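Naming follows writing order (A, B, C, D and E), and every chain is counted from residue 1.
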Amino acid sequence: MSRVPAWAYLPAALGALLVTLPVLGLVAAIDLGSLPTLLTSPAALDALWLSLRTSTAATVLSLLLGVPLALCLARVPRLDSTLLRTLVLLPLVLPPVVAGLALLTLLGRRGLLGSQLDALGVDIAFSTAAVVIAQTFVAMPFLVVSLEGALRAVGDRHEGVAATLGASPGVVLRRVTLPLVRPALVSGTVLTFARALGEFGATLTFAGSLQGTTRTLPLEIYLQRETDPDAAVALSVLLVVVAVVVIVLARPWQVRR
Amino acid sequence: AGCADDETTLTVLAAASLREPMEQLAADLEAEHDGVEVRLSFAGSSELASQVLQGAPADVLVTADEPTMARVADAGLADGAPELVATNRMTIATPPGNPSEVESVDDLGEDHGGDLDLVVCAPQVPCGAAAQRVAETAGVTLAPVSEESKVTDVVAKVAAGEADAGIVYVTDTAGRDDLDAVEIPDRLNTTTAYPAAALTGSAHPELAREMTDLVVADGAGEGRGRLAAAGFEAP
Amino acid sequence: MSGLSVRLRDVARRVAVDLSMQAGRTTALLGPNGAGKSTVLTAVAGTHRPDEVDVRLGGRDLSGLAAHRRRVALLAQDPLLLPHLDALDNVAFAPRAQGRGRREARRLAAGWLETVGATGLEDRRPAQLSGGQAQRVAIARALAAEPEALLLDEPLAALDVDAAPEIRHVLRQVLAGRTVVLVTHDVVDAALLADQAVVLEQGRVVESGPVTDLLSAPRTPFAARLAGTNLLQGRAVDGGLQATDGTVMRGIGGEQLAPGTAAVATFRPDTVAVHAAPPGGSPRTVLPGEVVAVEPSGSAVRLRVRSTMGVLVADLTPAAVAELDLRTGARVHLAVKAAAVRISQA
Amino acid sequence: MSRVPAWAYLPAALGALLVTLPVLGLVAAIDLGSLPTLLTSPAALDALWLSLRTSTAATVLSLLLGVPLALCLARVPRLDSTLLRTLVLLPLVLPPVVAGLALLTLLGRRGLLGSQLDALGVDIAFSTAAVVIAQTFVAMPFLVVSLEGALRAVGDRHEGVAATLGASPGVVLRRVTLPLVRPALVSGTVLTFARALGEFGATLTFAGSLQGTTRTLPLEIYLQRETDPDAAVALSVLLVVVAVVVIVLARPWQVRR
Amino acid sequence: MSGLSVRLRDVARRVAVDLSMQAGRTTALLGPNGAGKSTVLTAVAGTHRPDEVDVRLGGRDLSGLAAHRRRVALLAQDPLLLPHLDALDNVAFAPRAQGRGRREARRLAAGWLETVGATGLEDRRPAQLSGGQAQRVAIARALAAEPEALLLDEPLAALDVDAAPEIRHVLRQVLAGRTVVLVTHDVVDAALLADQAVVLEQGRVVESGPVTDLLSAPRTPFAARLAGTNLLQGRAVDGGLQATDGTVMRGIGGEQLAPGTAAVATFRPDTVAVHAAPPGGSPRTVLPGEVVAVEPSGSAVRLRVRSTMGVLVADLTPAAVAELDLRTGARVHLAVKAAAVRISQA
């Protein structure tokens, strides 16, 4: 009865194994005995707490800016330019280190904008704000891409009907457009949060690695790996667990009832 | 931390290889001064130098080689001339038990190392340059399977058993049970020096100087003593 | 002028019309598939932008207005219920959008659902509704908007034999006094719900006027078929009308037309007699032909007969059909008395 | 006439600036004079060529495994489990370093599977194959996520109709399902290629860094940064240009005509 | 048995039916909105899986088969054309899926498009078609599949007054000799296209048999309304039928029924006389009522009158309607001669 061709199961299983086995291997590799000590060290707790705060902030910022951006890209015909869309997609494809470099050239103390801000006494680089900016920079495009695709896929016919029923653009957005793309909005938000949570290269380059201020969980893992690989694995699993919890918690909101 | 008025935070950037002694020295300073918190950031020396040049708020910098520190000093960001705090030498790291039976630098050459996976630092970074010098002195051409950007990446690969051997700092193998060291004789070995400097951007110049002095100070339990305990040699 | 007027040109769809509809009246918009009916409606509602458009409603110029400011509700050909809302909230959508409270809007919505016979479906999502149920909810939703003008695109398609007259009845009450444009393929809807009628063909207005005129004296073949009347086009000749094939249909009323003027002849299907052999006798036209369809029509039987003058329609009693053994393919002769044929200017 | 609420333009513009300005800043920062020398060094050319080859291989592998996987996740009701979907999403959110660690625990010389392969004489670590595996691991989930979302969004009603017209599941897939999701398939493929192209942390950890074999463009950039920041910026811009070219070339295939 | 038989139970939709349809015949599936007609069709086609289902076609058990192996084509209520293919390729889809070459399939498709009057639309994408045009293309696509059984869900909805009879004519020829299930709300389609009829109400089969029987002697109120006949339900009494409200409708044919048996009374609309005041005279039933609708019906006028026995339908001449000034809301008296009322077992 399934409409999936029978031959598709084999590559699908291989694909699933390729992406899941390494993670399972990681989980299998942790040393359960030392786990509590490893995970409750002040450094680990600081890193976890910082990661949660910055990822949440980056996600909120991404929603505030990314939802309107996706909406404009999908619904304003004039903006439907390859150039703009490409620029918005770029952070997805930049190596994080390059992303960090790019942020430094803009917002670093000697950066184009950073030098102006420096004169005003505002110093962004190597602060917690820099972490949030780096995370937003790399993570927001996830939201924009998944939302824009969904907006195009659902089309604007229902929005048209709602407008003829007297709904203003704001009401249409709130009561028609966003509910229609809710699954994409939720999964985009989850991806954004998760990507922000895992952000490493851009943070390291743009924000540095200072316990409690800019050393997020991935940076702590990187650092631990140099001296204590077991601790690094344990922290990685902690990160995996946080990501899984977020994905699982968001799941019911994604299903279109 | 850092919310109370009487609390001062001192930020110290240090080469990754200095991690253990620096953590102890930071605790020493905190013990001496109530309300002072020392925050440490460890990374590759070049990385740290770039951060300082880009305006990272930091009070003290300790790097793993002099040219890197010179970049910071030349930019006028060092408060006074940098002082050497320690030197380091190279060694061959292998997985525990040395399964590939590496005995000397000769065994790492391309004519011997057919099925030996050797990992070194890239020649562009300090530890890679040092490895290169060792190989040249021994008259060996290295055939690594990977040239890493940081010594810690070499250490990690050997410790994980992914590589059969790596050329690293002596201090990297000290006190680790997941690494064995094959000594490189003095006639082939090379020395690298670690300079430290207080930074001009510091909000607590006094304290920054004090920390620098602590690192270079003589005597067991402080500066050099801590460094020596971790395997570093005096400059 | 206070009604609804539309002037539009859409090059891609080959539609160019100029229409005015009276305020407070229902205008039926008729025409074959692809004539441009939905295009006109969506242009008025503001959900489709033709190349050129000028829409005025009650003195307001709607052309530049966003759809939600037009106070024009559109029931599109596809019901397009909002999939994430249940039936009740779909209907409550317009009252809510217009600022009413949730409870008030729901109360109103429940009333409209009852009106269209959809009580009991309140909690269903659109995906859980049958085709006809969805159509009813969509009607309720458009009515609940209480718009200044209402545009209905085939509102009664998909409705069952019970629902169609019921909802037609509801519409008749609700539409009274409103400015309504109703697209339909069903002459019953046009006759019962509309005052005025406009016929579009290939993107052009070919006929317009009161519905009763259109149905009793259609001027175009499409309108005639819609009205269930026979219509022939040709030129006036003495005592009748000459069709393009040369045959003359005898009729009355063309006396004051100059010979050669473009004219139409119309005659009702029940005035057409059907014979197995050519009949004799006075002023009548006899046309040989072949039966192409036999269909019930009320309590009579309707034959469609292809003649040299085109397809003509004749209504017979079931008894006559049985007696003549008429079925598709039978060869017959149609006789039309001159007195029953009206000749008028085209 | 646009149905986007007027207030949405401001945050949209801010969002667009946030993600585009740093990249533009990066481009502005390059020293045009030395560009030719920097970009035509053997190391840079080797890295570019290696990156193009491995990213293409990873993209092809992702398509071969990822399309069937997305299909199964979206269309086989039994597989619609949060767990499996979460596992497939995980590589998206893992910090690349953790991804590299995970690959090592599975395929490393002492890994669960790697030790078996080692016994058979197959050595993956430090080979170009390892680069492709690392890139596929981190990039394939992009394809799976965007494709699965699109498959759910278009629904299966058209597939049902096609089946009643006599089309077997294979024909339905080729002539109905894939054409219907073509925009998502193309953008998913582009994202996958771009993510593979930018892959850094997992490659470094799992495959190492050797010119011509495993040192891809991002690794070359990372290394150059240690000694010659200008060269790093120039190479970063090269990478941006490659990514832009791919995105732009793919654009016409994405538009549903 | 070689026809099409369906047994299914769908708890969520409250549908449970057991039907058999003859091979090579067309069966009309009739019933109110939400009765379960589309559910039956999609279950037979294999695109919907009810909780329990058993489908057999020409001796083959389809229940476990995938949709594409059933050789059953479904024209769904929503045309669902493939949006990425033009009209020609949509129609060519089935021949291609069945293994024909591209040119051959396109040639066949062009033929089917011509058959449904959609020539000239070959290159259009579904988004560029009007509602009726899309419907025609969908019909052509289903026909092009040349399936063993054809399931048509309201195929003639959305078609214009020219197209409907034309396509009905096409269908009549194409459907001859095939096993077809046709869902429709239009009695003309049922009468002209189907041999057998099945009436569903609330998910249950309430009536089935030859179409002609259903139309001439309906046993359920829905079928009666569909047939345009009046039907009353009640219990047989001496000389007539007693409705639930106690009123007795006098009629003939119930002589052999034991008093108290469940029975129905049927009578044609043109046998109902309408009076402004209660008429006197012999064996007839007189019912007071209120006109709720006035509609054209062929060349007659149909009144719907709400009486104590329910809504009854009467056909009058336009002249009589004018004379009595009958309009909605008028109070009238309906007189039905006993001789015109047939009492039969329910």
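By definition in this document, a contact is a pair of C-beta atoms (placed from the backbone, for glycine too) under 8 Å apart; a residue touches a chain by one contact, two chains touch by 3 or more.
It should be emphasised that the depicted structure is a prediction, and the values quoted were computed from it without experimental measurement.
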If a chain touches chain C and chain D alike, it appears here: A, E
Common touching chains of chain E and chain A: C, D
Taking each chain's C-alpha mean as its centre, the one farthest from chain E: B
Comparison of A-C and A-B (more C-beta pairs in contact): A-C
Whole-Å gap between the CA centroids of chain B and chain E: 88
Where chain D and chain E are represented by their mean Cα positions, the distance between them in whole Å: 55
Gap in Å, rounded to a whole number, between the CA centres of chain D and chain B: 35
Residue numbers of chain C (touch at least two other chains): 46, 66, 78
Numbers and ranges of chain A residues touching at least 2 other chains: 3, 160, 163, 168-169, 172, 225
Where chain B touches two or more other chains at once, by residue number: 47, 156, 160
Chain D partner contacts - residues on chain E that touch it in the complex: 42, 45-47, 66-68, 70-74, 76, 78, 80, 82-85, 93-94, 96-98, 125, 141-142, 145, 147
Chain C-facing residues of chain A, complex: 157-158, 160-169, 171-172, 175-176, 179-180, 182, 256-257
Chain B-facing residues of chain A, complex: 104, 108-110, 114, 118, 123, 125-127, 204, 208-213, 215, 223, 225-227, 229
Interfacial residue positions of chain D with respect to chain A in the complex: 2-12, 14-16, 18-23, 25-26, 28-29, 64-69, 71-72, 75-76, 82, 84-99, 101-103, 105-107, 111-113, 133, 136-137, 140-141, 144-146, 149-150, 152-154, 156, 159-160, 163, 168-170, 172-173, 183-184, 187, 190-191, 194-195, 197-201, 217-218, 221-222, 225, 232-233, 236, 239-240, 243-244, 247-248, 251
Chain B residues touching chain D - in the complex, by the definition given at the top: 44, 46-47, 50, 117, 119, 122, 124-125, 144-149, 153, 156-157, 160-163
